[in-house]
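Chain naming follows the written order as A, B, C and D, and within any one chain the residues start at number 1.
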């Protein structure tokens, strides 16, 4: 069964990834693209300064760009993907949900709201039922579902695999790619032969979103995980792929092998865009992996990659990586859309 | 009073920094350079493929390169600086000390030996008296003194400033420049659009050297500091300057202002190459600093730069940076040489 | 009809591309890999430090690496691809041809020999008949065929399209990727925040090979094209894809449109690895293209991309680009192999 | 004798270089800085997001930023340096000249006007007398003088050295640093692992400005040099320093040695910011030089560096380099200011 979908904010860096990932999707048909008012009325090929290394799908290039508002959208869309700037999204998304649209959004607004599911299908699919709470409280016919921030989603699958060992505290440092800031977010003068140890708001996102993702939903209320999380976020001169160093303190004392095995055996979801196993784990023979340029496209950019697991006095340290605009943004929203379809919400 | 000095391994990346830093030094006169046997007999200008952005000092370019052995060296040198590969240094340095030379070495061998001072003049100048223990045990007329690894020395000054708050545990992630691996240590294919989360042996160096540096010497024995230190080390595409994210757990509960003040007020040493204050601290108005390209040359590359101090549940997190081939290598050895001169060991 | 093939020098940067490109090839079955003696006897998975972003094909990973010599090879191979260092190739390739093997080689030795076809299938397939001259002169049962240097092959297709306008003189500047020098050819210290205006021997290759490729073979002798060619070659910090600025002086006075049309209409060859049209041409609406990261994978890395065509006082200037380790190396040799198969030489 | 000077557009990339270069200048005292209206009234330290690796001079940091208009400026300034955006400069500079100010401008407007001196003091100081023509025609009390575009000024000194050999035609390719586009001109997504073969308007600037610079001024009219110049301009991932490949066709047939000697013996000007010899020339033992990171700071960034001189069928090819924001922008304007002072125009 096929669904007609739209992409809000389709000309930006994440928007273009949406268009690329939806090309040839088995059940989603991209029927509508929106952008800022200035581009409305242009063909998508004109409006998008396409910058990916695969061509614009012909039929999408010919779509007319619409304004981003409930009035401008056709009625027959089953699902909207959103990569709007969070300020715009905060205004538009509630209107669209009110108007009956289901929105799978990558925008950062409302991720921590009590009645908004923040979901990674392989980790916490049950949180999706928060939609019922949401509809009750907000009186919406539609629904709003969020995926986490790109740096959070890189780490959380590995943390989920560690919860069985009594996860107590996390210190994480990130080495993040420039595409995470959008096409114009980082200037070349800022980053060539340099690194920037600050990404506005990013650390707080990692510290709060990860605890919500690992939390328990009892059908009525969602309790966040009680692990302490502290993050330091850095921008480095890479195009795609966030690399992270994690120090995890554990109540139990698992061996390095047990930790690797817990990660490597973490299952994928039975959804089109989910990899067979969620985490690829490099062993002690490849301590230098994962690396952004070598590993970001594993599982078509949807697999998390881990390595360098070593003991510390209180637990383990290891490294993890994911493609920030696929698993960390557009791909995460598409996968959430697949979960919505699979569980009957569309 | 002036001293004639030599540089062992003068053609490598650190060796060239030694030559650059000694040019115009007020009390050290570079009188001798050594390299591998293949280069012996050539002029330094021929042997060194000089790659720094200031020219070779004329009189050094004309020096004849000597073999790296006690026999090949002139007798009238007061001090030798060493940037030999550690395998070579492990063989040659003891011979030279036996022959009566005082060696200030950047090589990693013997840094943890019980009777070898591992010294940062602003931090632990008293450890220098380990030379007496060393001479007793080894029967040397000369002496061997070490400076720490480049990633260690970037962090330890800030930790030293935190010891008054009850330093208990450190998690640190590094973003290290390629010059730390020498001219050929990192290929361009490895690092462009990439990062490598592994530097062989580096993490252990940070974890052990830092505790020795912060340890207590009672005149007979050196007790290492008991803080737990765990490090994750990464190579990124920068030329010079190591940036580090530190998570420090503290027994006390200092404010962010107190932490900044403790760092900013840490004094320099009264030596030629030491900056007036050891640590430059950026405040909350500049969370994006320090950055490698912008801050590595502060204090002529000898100052440590910190910033981004923020509270965590158990202490503070912050970022620090130093120039890895100046403060982190050649400059550190030169400064140790100045300490040796100042305290009468030459 | 299928052919069993081998790759000589299979562990290097170009060797790995051969393995990648031959995976799933419709008519070539990779049955043998060789490397230096030190690796002989190991599995390919062990010997190759695989660095491409797709995994080693399982069945190739299990192949046992052989020495690179006629004695060590099985008899039943129809074709050998060679990416040996040119010094090694100069010794080994003649032995293999003598022993009856047909060798499609990317190595630079013998490219200018009078009896060795230097071939781009879309440009000068008829040069292949030089093999008859070669066999006469050398008494070989096998045959040696070469593809040009990566920087040459990027430019020559566009020059071939201009010959109809009376090509008289070419000035060309290259901006070449680091992969062209192999995995260890360019250190990170050499190229980050830098460019190197010299690549040993490269300029002479462009100046001579291009004239041979555009030359006429009358069945007995090959006459080089008489255009003057002068090249300046630069290394820049890109991973893959050579970009070139060409100034072509023409006897005729074609319009910019005629030049674009001549390039865009240049046909591909009817061979598996040849793109449908040899040259993709960007028009005046995209003066900023081609660009290495955006355009190197066009036509699976086998298409040449041109743009920026503008008039000059004596002809035209334009830019061209190709993937240097696919169209410029391994892919070029594979395509030559396909031509050999198609024309009955295997 | 000292002059009070102002910098128009002092907060941008070139503006900051002006401030840096004027710090400690023996005869120019920086007394006034202007920026866009939004910054007017702020201290310079607040308004400029200072990004150079030396600190803001204290006394400049405390200057109050003024609006960029004749009314807002103090009367007692002898000279204004301008790095305004060309659109703004085209409006403001004539007003200022009308109001009596002498303006040494780096902005691109009016560089080709018949009565505006486009000057490099070492090359064509006599063109300065165009000011008389300018004052006659425009009725100004002040004067407007321009320095050329950064890519032009890198090449023209070497061409000036070749005019004695009958310079007939030039083909030039540039590899330009990102700082040439200002702090936000090139995004990181555009340039990491990439190169862009187009810089809007740059090629025309090189083709026209170079002929004006090499032209003859007879006291009344300036005749441009008749050499044909065609340029291809590329942006590459370097921070500072433009590298250029020049193919120069010459009527005479000088040897490579004669060409090198003509360049190396080209004198500097007797002005504070001019190097002793204008061009440093690398010989055949260093074909890999000049390189941006290694050579851009020669002569404090004011020397042009050449190398790789080789014969071509019609002349020579060689490479040249200069620091694009020092010799190519702020330093060029300051040097023109020194010429104005030296020749009595202030």
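A few points about this structure:
Keep in mind that, in the parts below, a contact is a pair of C-beta atoms (placed from the backbone, for glycine too) under 8 Å apart; a residue touches a chain by one contact, two chains touch by 3 or more.
Model, not experiment: these values are computed from the prediction.
The chains that touch chain C as well as chain D are A, B. The copies chain A and chain B differ by a rotation of 180 degrees on their C-alpha atoms, rounded to the nearest 5.
Among the other chains, D has the CA centre that is most remote from the centre of chain A.
Between the Cα centres of chain B and chain D there is a gap of 40 Å. The distance from the centre of chain A to the centre of chain D, each centre being the mean of the chain's C-alpha atoms, comes to 47 Å. For chain B, the set of residues touching two or more other chains reads 51, 192-193, 237-239, 293-294. Across the interface of their complex, chain D is touched by residues 51, 53, 192-193, 239, 293-297 of chain B.
Of all the residues in chain C, the ones that touch chain D in their complex are 169, 171, 173, 175, 192-198, 203, 228, 230, 232, 234, 236-239, 243, 245, 247, 287-294, 307-308, 310, 312-314, 317, 319. Chain contact summary for the complex, chain A toward chain D: residues 13, 51, 178-179, 183-193, 237-239.
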